[in-house]
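Here it is, the structure in full.
Naming follows writing order (A, B and C), and every chain is counted from residue 1.
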Amino acid sequence: MFDVTTLAQFFVTGLAMGSVYALVALSFALLYKAVGILNFAVGESVMVPAFIVVILLTVLKLPFLPAYLMIIGVMVVFGAVFQRTVYHPLRGRPFISVLVSTIGASLFLRNTSLLVFGADPRVSPALFPVQSVGFFGVFVPPQYLLIITTLIVLVVFQYWLFEKTLLGKKMQATAQDRDMARLLGIPVDRIILITFIYAAILGGIAGILLSPIFYVTSDMGFMFALKAFASSIAGGLGSIPGAIVGGLFIGVVELFCAAYISATYKDVFAFIILIAVLLLRPQGFFGEKVSEKV
Amino acid sequence: MSLRKGLPVKTLFYLTVAIVLAALPILIRSNYWIGTVNLAIIYSIAVLGLNIILGLTGQLNIAQAAFWGIGAYTAALLNTRLGWPFWATFLVAPPTAAAFGVILGFPTLRLSGRYLAMATIGFGIIINLILNNWKEFTGGVDGIPGIASPVLGPLRFSTNASFYYLALVCLILAALTQVRIKNSRMGRAFRAIKDNELAAELSGVDTFKYRVVAFALCSAYGGLAGQLFAHRTKYVSAETFFIDMSILFICMLMIGGAGSVAGSIVGASLLTFIPEWLRFLQGPWAMAIFGLAIVVIMIFMPTGLAGLVKSLGSKMAVRLGPDAHREPTELPRKASH
Amino acid sequence: MRAETQANTILEIQGLTKLFGGLLALDSVDLSLQIGEIRALIGPNGSGKTTLLNLVSGVYTPTRGSVFFKGRSVTNKRPHLLVQEGMKRTFQTARLFRDLTVLENVMIGLHGQTRGGLAGIVLSLPGIKKEEGMICDKAAEALQFVGLHGQAKALARNLPYGQQRLLEIARALISNPSLLLLDEPAAGMNPSETSDLVSLLDRIRQRGTTIFLVEHDMNLVMEISDVVTVLNFGRKIAEGSPAEIQNNEEVIQAYLGKKARYA
């Protein structure tokens, strides 16, 4: 049970799940960092594309690549609409108003998808013809490897975007000091819109990656949202690398705890980590110190 | 001066309300709707609790449903396993929930704002997951059936109509208690903490103590609501207590008007009745519209209904009674130096 | 504690030091305040004046050193306990309870000296009602003392700036503190308001309260203080009567090129 192969298998599986958490956490953390909101509907930005993927692939029988590209397009619209309706009218208001508004949005999306897609869990056809791929004696579904690879590619892409492009620098500036950014001539509202769209696309990618290996239901988004919170907090609420590390961390720890301690309580571990972090080190791995009083 | 002018109108208003409340089961014949009223009353009590921690003291607590759950399960277990009657669970459930409130409130003293919100979410989820999974103790997903209707001496409250009066009395006591707290030194301390915690501390308020007390009071109210719920529906399961419900409570409070006692009750009632009215539509339709409505209300009514009433109300309008701050009508005259 | 100063010393600071990460905000400051004194703490911006005030009132904990209030060590005590023992302070930017009325703001100032608990409140016991009445009366008194009694029912957020500062002082005075710490009370005031402030401070002193103020307005400082302490870069560089300080070489050097208003 504790042999290297099994451990490695668990580790890779944990990394795969953790990568999905990292993607969702990234979406969540970006919005927090850019506009200071906690987006309770982040899970729905995974659930909606997942459903649409299933429909495109199974009902409309589109090939994979066009379907995936269409999803990205859908998520652009999703992000834009979400920003305009749920965030924009509330942008000056107290934090809790926006929070409640995103909850309303989440409720709306969950139930609308129930009406549109029905209550049966769906799954999309497997992307790879083989069940599992082996290396060094460890056998894992190829989809897991795809997920992990996608995360790596995305992290590199994002680093390039934020550090090396003008758009990325503008996004960073807007996140750090909105008024200053405005004074520098940065079109802040547009940058915020772009941030929302980018965050939605991240959710879309997560949804696409999950759809062949996860049962897609209208309330699946919820757990992802919560794990995204936990990941962000563990990694440090204002931190982008923190969200990624936090997601991976929770994915791996959760899996090992489920395997060796209790499978029934699998979901609890993420929240135990959350509470532990909040009590012992609220700033998480990479966050700034939660400041002294005055 | 406005107090004097308003007095007779106020009394008339109160009298009308009292009569309507007393006669409600007669006015509303439908057993189903009385049942909904009962639910609204129970939710109101939970939201009143939330009002103390969030409305008055300004601390983000997104775990009220967990305390509701703790109260409900405490009542369920004591009643079904040990045969304890209603009045016994009534006395034990709220303090039990309050104890958990302290468990949550005490270690989180260093946190505030978003971090506190996160911690309460995590706490709520853990409680929910434990209740849902600990089969031997809580019955797991199946929950605990067979809770007895309330019995107080010769009085049995097994119908919706009779339960209504019991719940109403509880609500009135809960509301009255909160009005007294709000208008007291303690209420001032809570409001000061919400407004400017550092200034409160430097004015002599032990902010740590009061934050914990606020948590305890909030969770006591939640526990009471849960206990009443358990005896009303005679069945508890953890599905009902998911984080959705904590958020629903917050919505009820925001819509009614955070900080206002009357607002808490109105908000809770509205958000109980509207989904019920919409229930003639298929389930998900109702919820979807409900979700949309929340967004719309947040955009257009930021201070909730109580805030709306306050701004619309001029000196002539009838003020929602429990809301009024106690002010001295005249400053005592002292000889100056 | 030195025996001969014990009886008259209300506040004693020994070797008080505060490090913020790498920044040495206060460096080994000693200070001794006598009962009934009016002491001014001056120094260029960034010299550590507010830090000292924050350390004394318990907002910060010192890195090194100790604070004695009325002969007892209060070095790591939480602020509300210091308030109970008779120390009150105001802030540079008036920290009022903006959504409470003027009267309520002042009433909170007496919180540390009152006891009404949950049971009494919920049961509406006569003792509680009596205490509320007493708090109300004292608040009215405090408002009258600073000249704000006409504004009792106004919301604090609606007061003009000068009156907000007065409200803060009223909130501090309601508990009849032995020591009052004021952080730049004259900031933003015009000469007429400042002159009113001088007479207010004098009246406060006559009630028996010791006053310790941080200030930039030199006119005010010279007019009202008994003793002036000067800080620069976190260290005490001079201490003495206003006249002595005005002529002190090192003090003048410290202020050269900085914004300061002289007589």
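Definition applied: a contact is a pair of C-beta atoms (placed from the backbone, for glycine too) under 8 Å apart; a residue touches a chain by one contact, two chains touch by 3 or more.
Quick caveat: nothing in here was measured; it's all calculated off a predicted structure.
Enquirer: Using C-alpha centres only, name the chain that sits farthest from chain B.
Expert: The most remote chain is C.
Enquirer: Closest chain to the protein's overall Cα mean, using per-chain Cα means, please.
Expert: B
Enquirer: Can you give the whole-Å distance between the Cα centres of chain B and chain C?
Expert: Between these chains, centre-to-centre, one finds 40 Å.
Enquirer: When the centre of a chain is set as the mean of its C-alpha atoms, what distance in Å lies between chain A and chain B?
Expert: Whole-Å distance between the two chain centres: 34.
Enquirer: Measuring from the mean C-alpha position of chain A to the mean C-alpha position of chain C, what distance in angstrom results?
Expert: 50
Enquirer: Indicate the residues of chain C shared as contacts by at least two other chains.
Expert: 59
Enquirer: Two or more other chains touching the same residue: where does that happen in chain B?
Expert: 198
Enquirer: Which residues does chain A have that touch at least 2 chains other than itself?
Expert: Expected reply: 293-294.
Enquirer: Contact residues on chain C for chain B in the complex?
Expert: Interface residues on the chain C side: 57, 59, 78-80, 83-84, 88-89, 91, 95-101, 103-104, 107-114, 116-118, 121-122, 124, 128, 131-132, 135-137, 140-141, 143-144, 149, 152-153, 171, 175, 203.
Enquirer: Help me check something: in the complex, which residues belonging to chain A touch chain B?
Expert: 38, 40, 85-86, 89-90, 93-101, 103-112, 114-115, 222, 226, 229-230, 233, 237, 264-265, 267-268, 271-272, 274-275, 278-279, 282, 290, 293-294
Enquirer: Show which residues of chain B lie in contact with chain A when the two form their complex.
Expert: 60, 107-108, 110-111, 113-115, 117-119, 121-123, 125-126, 129-130, 133, 198, 243-244, 247, 250-251, 254, 282-285, 287-288, 290-295, 298-299, 302
Enquirer: Mind pulling up the chain B residues that touch chain C in the complex?
Expert: It comes out as residues 177, 180-181, 184-186, 188-189, 191-192, 195-196, 198-208, 213, 325-328, 331-332, 334, 336-337.
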